[in-house]
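By letter and in written order, the chains are A, B, C and D; residue numbering begins at 1 in each of them.
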Amino acid sequence: MMELLQTIEQAGQGLLGPFWGPLWTLVKIVVIVAPIMGGVAYLTLAERKILGYMQDRVGPNRVGYWGLLQPIADGVKLLMKEIIIPTGANKFLFVAAPVLALVPALVAWAVVPFADGMILANVNAGLLYILAMTSLGVYGIIIAGWASNSKYAFLGAIRSAAQIVSYELAMGFALVCVLLAAQSMSLVDIVKGQQHGYGLLGWYFIPLFPMFVVYFIAGVAETNRAPFDLAEDESVIVAGFHTEYSGMGFALFFLAEYANMILISALTSVFFLGGWLNPFEGWPVLGAMTAWVPGLFWMLAKMSVFLFIFLWFRATFPRYRYDQLMRLGWKVFIPLTLVWVVVVAAWMQTPLWFW
Amino acid sequence: MMTIETIVFYLFAALSVFAGLRVITARNPVHAALFLVLAFFSMAGIWLLLEAEFLAITLVLVYVGAVMVLFLFVVMMLDVDLVQLREGFWRWFPIGALLAAVMVGEMIWVLGNRQTAETGAEVIKHAADYSNTKELGRLIYTDYVYPFELAAVLLLVAIVAAIALTLRQRRTAKRQDVAQQVAVKRNDRVRLVSMPASARVSTQAQPDEAAASDQQKH
Amino acid sequence: MLENYFPVLLFIAVGLAVGVAPLVLGRLAAPHRPDDAKLSPYECGFEAFEDARMKFDVRYYLVAILFILFDLEIAFLFPWAVVLKEIGVFGFVSMLVFLSILVVGFIYEWMKGALEWE
Amino acid sequence: MSFLSTLYSAYAEIFLLVMVSVILIADLFTAGRTKTVTYLLVQVTLLGCSLITVATHRDGIDHLFHHMFVDDLMSDVLKLLSYMAISMMLVYSRSYLLARGLFSGEFLALVLFSLLGMMVMISASNFITLYLGLELLSLSLYAIVALQRDSAIATEAAMKYFILGALASGLLLYGMSMLYGATGTLDVNAVSSAIQHGVPNKALLVFGLVFVVAGLAFKLGVVPFHMWVPDVYHGAPTAMTMLIGTAPKLAAFAFVMRILVEALQPLMVHWSGMLAILAVLSMALGNISAIAQTNLKRMFAYSTIAHMGFLLVGVLSGSNEGYGSAMFYAVVYVIMSLGGFGMILLMSREGFEADKLSDFKGLNQRSPWLAFMMLLLMFSMAGVPPTVGFYAKFAVLNAAVQAGHIPLVILAVLFSLIGAFYYLRIVKLMYFDAPESHERIYMQPDSSLLISLNGLGVLILGILPGTLMSVCAVSVQQSLLLPH
């Protein structure tokens, strides 16, 4: 596999010279983006199926076998729908907002490692980059709400903007703990820092367990997913910031939300569950039995677990009330994470730190 | 020699000048704020070219991700009267233009000075694994500990000032007190009344009443 | 160092393209027959009679301001976290002082009720 | 513990920071509108700071925190005077602020934060700490001015103060970055020696200097960067004006000394010319505009501009006598302003601001003692002997003459003669005009005692200026001419 890639690379270099580098990067980007788009499409199907089964229904089952063509049908339907720009809306921003929502959700993937060596750009400040990119997601929402010139969209936008920024703080503090443990901001180093030869015992979710939980819950809140989906509280503010969107504009917001879900799952796996690492590595029997499994499999498996939890949450929990939501963010998560930063830092000063 | 870096630099530089100009010329304040975001992005790009990756990304994280969000909040919600805002523009334009001209002139004088051109130090190129963040970390918390703590004090002042200037207590608002809710004992809410078995109607009414009073307490 | 960031730049360009493409496709493929009723903003059944952009509770501003301040705090924590092993106890203590100063601010805002949402 | 003992010289700052935190939190738990407990805690803190500053004083120059903090005689003296000024300001303004519902825990905490900022500025020996101290001071002051949220005029004043202050900070920072670019260091002493050893890029250096001077001029409020001063002085509640107009001037003096004299002494030929222009313009515009004012706060604002011009005359003389006299001038100015604003505060009541000139008509008939105190203060501001104001002006001009700035001195004398007119007009109003109201003036015992001390102090210091003058001269000398 690796040799094949190398041959391709050498051949390309010989053929195209200086233009080969950018072209090869472009190919890699497509290889990352296309599966994400596919993943988003089938995540919607998975959501409807899983929710269906949890609620004792079957979910979509008409388009294709077991409803497998449903996402494609949905896509085509949205494509054929008229893009309505409401009167009084700011045309340019109205159209730009969904793009602004989607782009950060995509570009953050540039620094996510899928397996050993499978990463587009191993930058030193990877984690910082991720945090910066996720903090941009709020623009799509605010601009959509404002440009729509609709009260419901506007209120929804303000609500979710305040929600997102509040939970971003908890996320940031939780990530500081990961940094402390890994002593590096590169995502590859963070994963490698969890490789101690004890399998999953070396992963950061053990010393940083509260942060692991906080990070994932804050991630759920960041993506405006149930039970934190106040931005689209149907009974109060219709569909929130994307009330006025139709057709492809709406589809882009949808894409952004699901791409963010996948991103959060991937990041949680990388930061706390050892990314592509084998959970049984170095274990007596299981380790040898699973040694052949590629890292990509473990990564995807871990992501799938978190994605399932996302859906499970939606099926299980009732929606938060706004004051409860803000209280959880500011009065529970921030103090907790702050304390844990100090605890981890102090812990690291002692010889009892094994990670 | 035009390397790719030079091209990217001029790209970002042109973008930031353009964005900066649009910030002050845009008719719509929301557009102006968004152009400021663009300006921050291009400045981050320039910093990145200088290999100051921590500062570049922090610029995006803090200014674009936080400060500009507040800006947008304010700009979007306050109905800024644009006409009134622009009234004084032409009156003060000559002074502003003069100031700008002086600054540009001075800058040309300094940069055009032969000494400057000669003393321009070589930018050191770092290896791929060079971490600007670690470099900063080694200094901030040791050599620069005093300014670092002062920064904390500044942030504290900002917190106090922000609260003192914006917070208004509304006495009429009803709040949920979780501690109180959790501390509630069964006996506070539910009262078991032993009733004669024959009176069917009243047994029906009692639990409803208890439930109603329970709701009121929330 | 810079060579690492080139793919990121390219990715941003591709991301923008991926975002814009569906909109263009939608504009081409979908019908475009606007009318007044269709274009009016959603307003729960009655006519929209005012600009929807209104003033709102000052608490949202306060949340935004506090967010900026804590975000800066996080920005200070990042370089510290990656070098803590090198700077040792001195670095730990200096951050402890920094955090205690800010915890005073946090306690203050908590007790003032700035985190209360009503 | 050994590390803590190396912080010896910074104990006062540390104590203050700890106490502000305590006060901030303690205030949340003390009920009552009068905030007596918090107020007393603040005064105790100021007293404690003074004791610590005196107790930790050591001869010579002491550097701390990797040469970012300096402790010398000048810093100790200026800090002590700042504590005193803040303490007096609180005594004067307490009942005024209580009557307006502004005497809150936040106000007191912000005042202490601003004091901390001043202390940081006074003890800074690095551009970063200079700047951070300045920002700490400015940020607190912006917030303090804006505290009266229901008053449109105060909010407008805060806005102007904030925007122009931010612009000034920007200029200053820009200039500092240029200096850093030219010398490769941010340390005050290192910048000085780098320039002395010859910097390859002189143009960059001068370019930076221009911006630094412009930024300083903004902060000092000298012409042509004075636009904010009258509006802010007028718009802010009088107690806040008093805060802005007093102690921060000491810190500003220290700032000028640290940056222009300690760091940029080798560039004196350049900056003394700039300062001369600023000084002349300020004395001219300040004194002439003050005549036209009917509002006392506005008048004081213009008089501040003129006084700052005078202070610059001392600095630009470039000699030890010049710096010493400038410091003396700053101290005297602070004492006189405290008295002047204190007077307005004393005469104000709930719902009534005694900030118009006409409010002082016939003060002699209503309260001869107060009128006499005001007379002393006005004489001092005008520079009439035997008050201390005269001596301050004399010392500054004397230094300027010795440095050979004869035309400047002539102009300064001319403008202070013009200035004398509007100060003496108040005296005339108090003694020769009929009062507009015969209402009794209610005074708290503490503030009436203080105004007496303040007024008499101006007189006594004028008769016996020697001690203060020599303290100023010695501290400047010890701090500047004994590098390391």
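Going forward, contacts are C-beta pairs under 8 Å (C-beta built on N, C-alpha and C of every residue); 3 or more make two chains touch, one makes a residue touch a chain.
Given the structure is predicted, the values throughout are model-derived calculations rather than measurements.
Trainee: By label order, what chains touch subunit A and subunit B together?
Mentor: Shared contacts of subunit A and subunit B: C.
Trainee: Would you mind checking the shortest number of contact hops between subunit A and subunit C?
Mentor: Graph distance in the chain contact network comes out at 1.
Trainee: My parser should flag the chain pair with the most contacts; which pair should that be?
Mentor: If you count contacting C-beta pairs, the leading pair is A-C.
Trainee: What whole-number Å value describes the gap between the mean CA coordinates of subunit B and subunit C?
Mentor: The answer is 8 Å.
Trainee: When the centre of a chain is set as the mean of its C-alpha atoms, what distance in Å lies between subunit C and subunit D?
Mentor: Centres of subunit C and subunit D (C-alpha means) sit 40 Å apart.
Trainee: Determine the centre-to-centre distance between subunit B and subunit D, using the mean Cα coordinates as centres, and give it in whole Å.
Mentor: It comes to 33 Å between the two C-alpha centres.
Trainee: Where the CA atoms of subunit A average out and where those of subunit D average out, how many Å apart are those spots?
Mentor: Spacing between the chain centres: roughly 54 Å.
Trainee: Pull out every residue in subunit A that's touching 2 or more other chains.
Mentor: Residue numbers touching two or more other chains: 123-124, 128-129, 135, 146, 158, 161, 165, 168, 184-185, 323, 327.
Trainee: Residue numbers in subunit B touching 2 or more other chains?
Mentor: Those would be 53-54, 58, 61, 65-66, 69, 73, 76, 130-133, 145, 151, 153, 156, 158, 160, 163, 175.
Trainee: Pull out every residue in subunit C that's touching 2 or more other chains.
Mentor: Residue numbers touching two or more other chains: 1, 4-5, 51, 53-54, 56, 60, 64, 67, 71, 78, 81-83, 95, 99, 101, 104, 106, 108, 112, 116, 118.
Trainee: For this structure, enumerate the chain pairs that meet the touch criterion.
Mentor: Chains touch in the following pairs: A-B, A-C, B-C, B-D, C-D.
Trainee: Across the complex, what residues on subunit A touch subunit B?
Mentor: 90, 93, 123-125, 128-129, 131-132, 135-136, 138-139, 142-143, 146, 158, 161, 165, 168, 184-185, 323-324, 327
Trainee: Can you name the residues of subunit B that touch subunit D in the complex?
Mentor: 106-107, 109-110, 113, 115-116, 118-119, 143-147, 150-151, 153-154, 156-158, 160-161, 163-165
Trainee: State the interface residues of subunit B toward subunit A in the complex, per the touch definition above.
Mentor: Subunit B reaches subunit A through residues 28, 30-31, 34, 37, 53-54, 57-58, 60-61, 64-66, 69, 72-73, 76, 129-133, 175-176, 178.
Trainee: Can you name the residues of subunit B that touch subunit C in the complex?
Mentor: Subunit B residues touching subunit C: 5, 8, 48-49, 51, 53-54, 58, 61-62, 65-67, 69-70, 73-74, 76-79, 126-128, 130-134, 136-138, 140-142, 145, 148-149, 151-153, 155-156, 158-160, 162-163, 166-170, 173-175.
Trainee: Quick check on the complex: what are the subunit A residues that touch subunit C?
Mentor: 22, 25-26, 28-30, 33, 37, 78-89, 95, 98-100, 102-103, 106-107, 109-111, 120-124, 128-129, 135, 146, 148-155, 158, 161-162, 165-166, 168-169, 172-173, 176-177, 179-180, 183-185, 238, 243-244, 247-249, 251-252, 322-323, 326-327, 330-331, 334-335, 338, 341-342, 345-346, 348-349
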